[in-house]
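Look at the two complexes coming up: chain A is in both, with chain B in one and chain C in the other.
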Partner chain A sequence: MLLAKLIFKNAFRSKLRSTLTILGISLAIIAFGFLRTVVEAWYAGVEASSASRLVTRNSISLIFPLPISYKEKIRQIEGVSSVSYGNWFGGIYIDEKNFFANFAIEPKSYLDLYPEYIVSDEHKRAFLKDRKGAVAGQNIVERFGWKIGDNITLRGTIYPGNWEFVLTGIYKGRDKTTDESQFFFHWDYLNEIVKKTVPNRADQAGFYLVGVKDPNLAVVISERIDRTFKNSLAETLTETERSFQLSFIYMTEAILMVIQIVSLIVIIIILAVVANTMAMSVRERLAEFAVFKTLGFSGGYILLMIFGESLIITSIGGIIGIICTFPAADAFASAMSNYFPVFIITKETIYLNIAVSFLIGIISAVFPAVRALRLQIAENLMKVR
Partner chain B sequence: MGIFFLYSLRNLFKRRLTTILTALGMALVVFVFASILMLSEGLRQTLVDTGTYDNVVIVRKGAVSEVQSGIERHQASIIETQPEVAIGSDGKQQYAKELVVLINLPKRDTDKPSNVVIRGIEEHSLPLRPQVKIVEGRMPKPGSSEIVAGVNIAQRFKGAGIGENLNFALRSWKVVGIFDAGKTGFSSEIWADVEQLMSAFRRPVYSSVIFKLRDSSEFQRFKSRIETDPRLTVEAKREVRYYADQSETMAKFLRILGMSLTVIFSLGAIIGAMITMYAAVANRIGEIGTLRSLGFQRRDILLAFLLESLLISFIGGCTGLFLASFLQFFTVSTMNFQTFSELAFSFNLTFEIIYLSIFFSILMGFLGGVLPALRASRMQIVDSLRAG
Partner chain C sequence: MDSIKTLIQVKNVCKSYRRGDLIIPVLGNLSFEIAEGEFLALMGPSGSGKSTLLNLIAGIDKPSSGSIIIDNVDITTLSETELADWRAANVGFIFQFYNLIPVLTAFENVELPLLLTTLSKKERHEHVNLALGVVNLTDRMDHYPGQLSGGQQQRVAIARAFVTDPTILVADEPTGDLDRVSADDVLGLMVRLNSELGKTIIMVTHDPRAAKKARIIKQLEKGSFNAACEADI
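For the complex of A and B:
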């Protein structure tokens, strides 16, 4: 009990310094949690992907399409339960700043393949019926203040011209990780107009989405699909949705690495700040420790005092930091919703934050503690006046 | 002044551990600050160097990049006959119709695939880009399945080295040369004969048309005429502008990330400096009293402590900058979100960044030191002498 009281009194003896240190730790914990969340947001697409869906695309690269005749051929392959297809449309809503993903898709099969996009039956019926209809995620609907029935015009970058759509439905995500900022419309509508304007680009799908009966056979079925189209004019590359998403992440690996290095630097910076505080507290109190030793307190007792003080400071800072991470992340998420449609703080991040603050508390106290242990009683008692 | 400088310096030396820790914090902040600036500068440099001011790129209206664009053969020949196209020393028009597509190639070290830009070129594509130099081998012969690879691609992608073969579009392509385009985006491309690529990829249209202006000032007039021509649906941009637009998203991302990090980190470092300086003041109350009674003014005390804080931050700033300068040896290779293609750029240290970083570190030292120094200077002589 005495020990706890001593630790508390010591930790707040120099109020200004402790407050500043705590503030420093909180800031660092916010930064650290924040960077971790950025990294996780990067992987959000992978988290949300399903193992029972395959993506088939042109083996040369994403920008090359596949003929629409492949749909029937893929459907006949053993193990395939359903096939949908679509095109990345790349349309711009008013200004490039308003970026969101928009796809032309085959509506019925697509919504069946993606049960995580929840559309009410009424919206679904309206969407399927209206050729110019579109379904948008909750997130972008709120961002642009759209209402059901609104006319939405996208400026095509890949398919020239202005494209008119009617908002017939809004989808919500089933899971937290579901991206609620996409925009879908009828592939037939796209194809119909492309047929008139650029006939050589009509009847082509950018990608096929393939549902499989047994996810364990995904690899085998991928090979079957690719073998079917081997040596044809449009060879395919089929992989699970997960590895498809991962391939995008590999391409931006360098940025991800930079962020991870920076989060390590954050930790070193906090370490420097806290270690500094502890070094100073101990240096100021050497004479006191000498008195403690003279009175018969053991070295272990003094060690506990120093470590306890350091841990108290870091854990208070850590708690404040963790609490503040949430509003900070919210603000960032709304500012950067173009880049990160899904931006949530996970449990792991919080655990990691706690672990980091604990670790810093321990490491910062090591050097000062060693110093206090080695101290010569006589020499330091002389300082007592 | 001299005596104060020595006084501050010796004080710093006396409390080595604290000084080192505080300076280390500052050094890391400056390191991050400088490296983000260097990265943005590297990206900017890459894109500015990629374009040539007098060159004009023509893409389909609304297309953000050449990859998305398509220009029909008859449209391309209309543009070719425009009077603004410069005539070169060979008596021919400085004009090239190009095809730009992405292909998926595996990297040498990780085997992970990444998108690489492959550009179909014509006779004048090379003279239009004076920054591109063949460093090994030769250019591909027109009408052959030969390619040349940029240095960044040759080093990093499987089968892209000289003498090796790349397989795509049901053909095998021989790498007959390596070109170096310095720090420009072209160093991350593969070039081949445009007609060969068009037939291999079965793309009957060009992606873009590029030419050199006869007279640089004619651009605006040319642009408004060509964009309103009813036979064409195209957009004309200066090459410099075109490349800057392409990586706007990336540049903005780096800027936002960099600025948020710098703000958070610098607050941390300022707090670190404050802690150190408040302690320095508290430890030396007696000394302050002595100095004051010897006749030193409040101003002198203020200066002494401020100087100490500035010294720490200066040491930290220089250390951080020194560490950051090593980053120049690294090249960052990543996917450009806007074009989905591989783009390599390096950290670029300029004098402006050096000044900014040093200024930034000194500012942190000032902000961290000013409050403690004020406290020291406001002390009453009697009180401080007694406390000492």
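For the complex of A and C:
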């Protein structure tokens, strides 16, 4: 007990230095947890992807469509349980800064393939019934203050013109990892207008979503689909939804790499700060450690004192940092919800923050501890005054 | 007739320090014995090696050659860990600048060496109360070193030195930082520890008044005893 009290008191011997170090650790932990959450948010689509869904697109590029006639051919392939399709619409709501993902979809099969989008029966019926109907995620409904029955106009970018929709449904995510910021409307409505305005772009789907009976056969089924359309005018590339989502991540891999490097640098900087604090603290008290050794305190006790002191400082800093990460992340999430619809601090991030705090505490105490262990008692006793 | 037991045997002890390529001899082939219950004062000019000799006897430094046998244990053969355990059990230290831990109270400072014993908390507190009573500081037990005068701090340091009931007490200039009154107080305590509790004390001092409190004075000069100056009081 006395030893614990001594360690705690030593940790706060220089109150200003310890407080500033704790503040530094807290900020570093906030930054580290925050940056890691940004990276995780980037991967949210990948994490939310299902093993039983495949995505079939044009093998040349995602921007090239596929004929709508492929739907029936895909459905007949062995192992396929259901098929849906859609197009990236890319519409803008009032202003470009109000970005959210919007798709033209085949409503029934699409919603069936995404059980994580929870739409009430009443909303679903209304959506299926109205060709101009749309379903939006809870997040954007709250963001723009929409209500059921509201008319929503999107300005088309890929499909020019102003597109009128009626909000007939709102979906909620099954859990926090589900993106609640998407907007879906009838593919038929899009196709109907396109047939009139740009006929050569009609009857085409941007992608097919394929449900498979057995996720273990996803690769085999993907090959079957692509083989079916081999040597056709529009060859396909089928991959799991996860791979499909990852292909988007790879496009921004450099940014993610930079974020990860920055988070590592933050940790290295704070490690240097804490190591410096501990080195100064021990250097100032070498004579005191000489006294402890003189009294018969072995190396184990000296190590306990120095590592304990370092761990107290980093633990307090870590706890404050972890606690503060939540409001910081909430503020960021609400400000950037259009770019990061899923922004959650995961348990893994918390555990990692705890581990990082602990590691900083251990590593920064190593050199001062070695110095204290090696000190010559007689030489250091003379350093008093 | 009572036979006087030899407690400390210093045999052919040499000590030199290396400073780069330079070897600086400090003690040269010293041999002497100290009886149990003795109060020895080591005197000599600065650099004569008296503190070095004290450190060697206290087991906080090792001789370059020779042996030091204390209570039948050759401490020069002990490892660092064994030496730390030996010091904890056998040596009480009194330093010139008290060397109390500033973040601990007088009570806690005295309790510190008892943490290395197998005593229970209750027993430790009994020992500390007893030791603080001997140095007449019971009323200051909750004070921090910074709240005590130099003399009071040194009395706390003395209590810390004998609370474990060590075989020997070593004191390096224990009155060097004190005024006359406080110094007399501290020396009086050391005499009491020697005469009433039978503690063997080795004290390094520059102060002839302090040395006179000892029963034997040994004079060191350039690493050897100056026999002409030795006095048995």
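Here is the rule we go by: the second predicted complex is superposed on the first by the 384 of 385 C-alpha atoms of A that agree within 3 Å, B and C clash if a C-alpha of one lies under 4 Å from a C-alpha of the other, contacts with A are read in each partner's own complex, and residues count from 1 in each chain.
FYI, a contact is a pair of C-beta atoms (placed from the backbone, for glycine too) under 8 Å apart; a residue touches a chain by one contact, two chains touch by 3 or more.
Source: prediction; values computed, not measured.
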Combined model on chain A where chain B meets chain C, clash or fit: fit
Partner chain(s) touched by A:200 [first = chain B, second = chain C, both, neither]: first
Chain B versus chain C as contact partner of A:339, first or second or both or neither: first
Chain B versus chain C as contact partner of A:20, first or second or both or neither: first
Touched partner set for A:9, first chain B, second chain C, both or neither: second
Vertex chain A angle, Cα centres of chain C and chain B, expressed to the nearest 10 degrees: 90
Partner chain in contact with A:173 - chain B first, chain C second, else both or neither: neither
If touched residues of chain A are counted for chain B and for chain C, the larger one: B
Chain C versus chain B - closest C-alpha approach in the superposed model, Å: 12
Touching both chain C and chain B, counted on chain A across the two superposed complexes: none
Parts of chain A lying in touch with chain B, wherever the complex brings them together: 14, 16-17, 20-21, 23-24, 27-28, 30-31, 38, 59-64, 90, 96, 99, 155-158, 160-161, 198, 200, 231, 233, 235, 237, 247-248, 250-255, 258-259, 262, 265-266, 268-270, 272-273, 275-277, 279-280, 283-284, 332, 335-336, 339, 367
Touching residues (chain side chain A, partner chain C) in the complex: 1-3, 5-6, 9-10, 13, 287-288, 291, 293-299, 376-378, 381, 384-385
In the complex, chain C residues that touch chain A: 51-52, 55, 58, 60-61, 80-81, 84-89, 93, 95-97, 99, 101, 103-104, 108, 111-113, 115-116, 121, 160
Residue ranges of chain B in contact with chain A within the complex: 15, 17-18, 21-22, 24-25, 28-29, 31-32, 39, 60-64, 67-68, 70, 101-104, 110, 112-115, 168-170, 201-202, 204, 233, 248-249, 253, 256-257, 260-261, 264-265, 267-269, 271-272, 274-276, 278-279, 282-283, 332-335, 337, 340, 342
